[in-house]
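Alright, structures below, take your time with them.
Next come two complexes, and both contain chain A; in the first it sits with chain B, in the second with chain C.
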Partner chain A sequence: MFRRRAQSDPGLPPVSIRFEGRTIAATGGETLAAALLAAGEEVFRASPVSGAPRGPFCLMGACFECLVEIDGMPGQQACMTIVRDGMDIRRDRIVEGEE
Partner chain B sequence: MVGGGLVGLAVAYGLARRGRSVLVLDEGDEARPASVGNFGLVWTQSKGLGLPAYSAWTARSARLWTDFAATLAAETGIDVRYRQVGGLHLCLNEAEVEARTRFVAQMQSQMVTAGVRVEMLDRAQTRDLAPAISNAVVGASWSPLDGDANPLFLMRSLIEAGQTQGMRRRTRQRVAAIRPGDAGYELELHDGTRLSAARVVLAAGLGNAVLAASLGKSFPVRPERGQILVTRRMPRFLGLPTSLVRQTDEGSVLLGDSKEDVGFDYGTTPEIGARIAARSIASFPVLRTATVVRSWGALRVMSPDGFPIYQTWPDLPGLWALACHSGVTLAAAHAGPLADAIDGGAAPAEISQFTTGRFDVPSARAV
Partner chain C sequence: MRPETVIIVGAGPAGIRAAMVLAEHGIRPVVLDEAPMSGGQIFRRQPQGFTRSYAKLYGYEARRAEALHTAFDALGPRIDYRPGALVWNVEGRRLQVLRDGVNETLAFDRLLFATGAMDRVIPFPGWTTPGVYTLGGAQVALKHQACAIGRRVVFFGSSPLLPLVALQYAAAGVAVAGVFDTTPRRAKIAALPGVLAGGTTGLKGLSYLARLALKGIRYHHGITPVAAIGDRTVTGFAYLDAGGRQHETACDAVAFGYGIKSEWQLADLAGCRFAFDADTHQWRVETDAEGRSSVEGIYLAGDGARIAGADVAAETGERAARAILADTGGPDQGAALSTIARRLARHAGLRQAIDRAFPFPAHLAREIPDDCILCRCEAVRAGEFRAAIAALGPDEVNRAKAFSRVGMGRCQGRVCGPAAAEILATELGRPVSEAGRLRSQPPVKPIPIAAFQESKGDAA
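For the complex of A and B:
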């Protein structure tokens, strides 16, 4: 379980996002990966090979473990995306043959 | 050992296993080594047209690879993901099939001598091995001796295995010059530090040209750029490598077969990336919706004819200079029979022609 270590900058507005239909309160300026981890969400997707759960690892854009679907767009890096109010996030999936 | 890439590490590990005291000087990531940018094939089927000894040497290494990978795993616990599952070179039209058939026929006698089986497959036979191919694939050449490995795990395991055997390694050590000294050789590092060694192996890739020049010798190597795209991890669709597309056991797909002469520029270009992607998609329709997460360029270390150089000079005793563009494929031979030769053992018959002397006369070009 992750906790925020410091108070957020009071100048940053609270934002509301949704993950798999669940509403999550986040803080403007933080990354989507940080917001989801702080809300207790650690499984961002499943390995397409083994089906094993996957979540953020490097938190700096290198490992591509934190991919999620944002507002219908699959394969987005949660650790490189700043939260926006109203973001609708789903666990990432690869559907073969999908255009 | 001047150079801590796959060539230097494999030989250094081999020498350390033979009880030699080895110090590896590694320039580090600034050198942009081919060892961390390559495609990871262990490949025999296209190697050596014009120099049968290179076919034989490559085949020997491929046959040593199974034991080599098992030994590394036992010594380090690192599985370098070696798979000897055969390899395909796909042909996308009749003209390509014809050209490849001619090439395989030209190679036939030297491949038989080397013990490598290379066959042309039709579409149905290719599909048996790679069910995900498109109908655009007309045929393929195939060798059961081919396979692939993870070059990054290979590098890590060679470092760990070598260190277990007493090999020492210093990083961020760029050797600026080398000259004969009182007891062997004196190496001058970029920061002015001097080191001396009784015996020296130069395995600095493209840097060998400069190091050899500091000894008054010619060592002709030039960069040849290859670009690689890698996709996000995908469900497995390909169980054996092709010369253009390979899927790792983690599901990532590497794409790339380009060859460009652009000097020391290791960048990428949209034109080449698009060409690689288009041909990959034409070969495997499942890639149509793949997401590319990264691309990079890396520089192959090429001699004038593309074959390896393992050089000694009569007036420079105890000094070897090595270069090749197949550091993964040849790693097993480098850690085994080549390390034996450098350690003073008999030189394997295959490598007697891997000297710069062959450039003094007109010779065949590598394919």
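For the complex of A and C:
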């Protein structure tokens, strides 16, 4: 299970985000993927084809496995997004053929 | 000299060095990078506000990282740097760029692709389970986000990143369940003279192995991955040892990879010619000795041109910048270019030794079990791909893709492409270099449809 290595820097603002309605404490500056993984959320979406659980894989913007819906906008890469206070995140619900 | 618009895509070691050289000569390049921070893959900066020291973040590379960041910052207004800018298409002399949700068209006279690379993987059973990451992903988590992918981590594959990332985790105090190299020990021994001849860089690589041993971490040679075990999350890793006996080790995360592959989709859209590179076992964009592609005005540098590491990336970045200077009627660059050529020649031997010590195990791709997912995006299994080939008889990868959907998803085959090509080549009974190359499509990465609606033309 993914976890933070160090206490976050004291200079960083704590931010609060929501994932599927659950409030998660994160640290300003970190990526959304890291914030969710560190909060124990490994499953970001279901494969639109098979329904199997999927989570971040490459963490560098290449594989598109970490797609989530942010503030109503689907298909966002969590690993390339920096957390902002108040972000409302849901598992990606894009169904094949709807894109 | 008539003023020309020069655009550099990528702000890693290659793009940064190129920007420096151009700025020194009075050219103000536009530097585009989709990442929010400069530095590229190896020297990616930590998020704003994080205050870990260079020594902590970059270890051995601390001084080089700091020098690169300082030099980049010193460029200030002498370059037009635009972070968070995804280049998603090239049409003629124009780029389509998405930044902050807004689309823009940028015209260029000269274009340098310094787009770097990504992990190369071979699917194995269980690889889509959450908790399985690429080696590069594991490294990004640690270096960029100060996070570990697990409490007890298995590292496997065949890549210079394998001992390095495992050691970085161990040094950060994470339990390493083992390092499992798919390359037989005898291949490592055969590569040893070349590595030793590679001077300090080669010795540094060997020291990773020694330090892993000192920490009591076992480095296994010649293994075959069997599966990542677990349903919604990883609980173990099963493998065959060099003698063919199956073992299982408990872990809560797995990181794997087989070297890295060039990110060349944009050069493909630009119409650049490609060649198969036998040493790294992958396609690359053909360039002349100074980084010019087959398309006039388009240049390549760094890992996006040929996988060779950060030092070589910076050298080839400078080389391409000097080629641009020469081609735009600037002062003669002959002396500087031959100095770079000499420095690059010194890297070549070590590079070859590394390619030999960590070869791409194509047989693992050919032997992917039928029920294993091959294409993550489209959830197509290897057996379905083989059946489509047998039934419909595609003779190259693009037709195979059309028939099977393998490589048709969001990642455009960046992840499954190398393995799919091996499978097709096997079915066709040909070398993989004769199974074709997956063509790129715009947008090279998915972009929201809304971006088009807000698109604004800017033919600056």
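Keep in mind that, in the parts below, the second predicted complex is superposed on the first by the 94 of 99 C-alpha atoms of A that agree within 3 Å, B and C clash if a C-alpha of one lies under 4 Å from a C-alpha of the other, contacts with A are read in each partner's own complex, and residues count from 1 in each chain.
Note that in this section a contact is a pair of C-beta atoms (placed from the backbone, for glycine too) under 8 Å apart; a residue touches a chain by one contact, two chains touch by 3 or more.
Note that this is a predicted model, so its numbers are computed, not measured.
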- Message: Under the stated touch criterion, which partner chain does A:82 make contact with: chain B (first), chain C (second), both, or neither?
- Response: second
- Query: Looking at the overlay, what does A:39 touch: chain B (first), chain C (second), both, or neither?
  - Reply: neither
- Just chain B (first), just chain C (second), both, or neither: which does A:64 touch? both
- Note on the structure: Between chain B and chain C, more residues of chain A are touched by C
- For A:1, decide between first (touching chain B), second (touching chain C), both and neither. second
- Have a look at where A:73 lands relative to chain B and chain C in the superposition and call it first, second, both or neither. second
- Query: So, A:49: does it touch chain B (first), chain C (second), both, or neither?
  - Reply: both
- Query: Both chain B and chain C contact which residues of chain A?
  - Reply: 47, 49, 64, 67, 75, 99
- Note on the structure: Contacts from chain C onto chain A in the complex sit at residues 34-36, 41, 46-52, 118-119, 128-134, 136-138, 140-142, 144-151, 172-174, 232-233, 252-253, 263, 376-379, 409-411, 414-415, 445-446, 448
- Please give the residue numbers of chain B that touch chain A in the complex, ascending. 232-236, 249-251, 286, 288-289, 291, 293
- Query: Across the complex, what residues on chain A touch chain B?
  - Reply: 47-49, 64, 67, 74-75, 94, 96-99
- Query: What residues on chain A touch chain C, complex-wise?
  - Reply: 1-6, 8-9, 11-13, 28-31, 34, 37-38, 42-44, 47, 49-50, 52-65, 67, 73, 75, 79-80, 82, 99
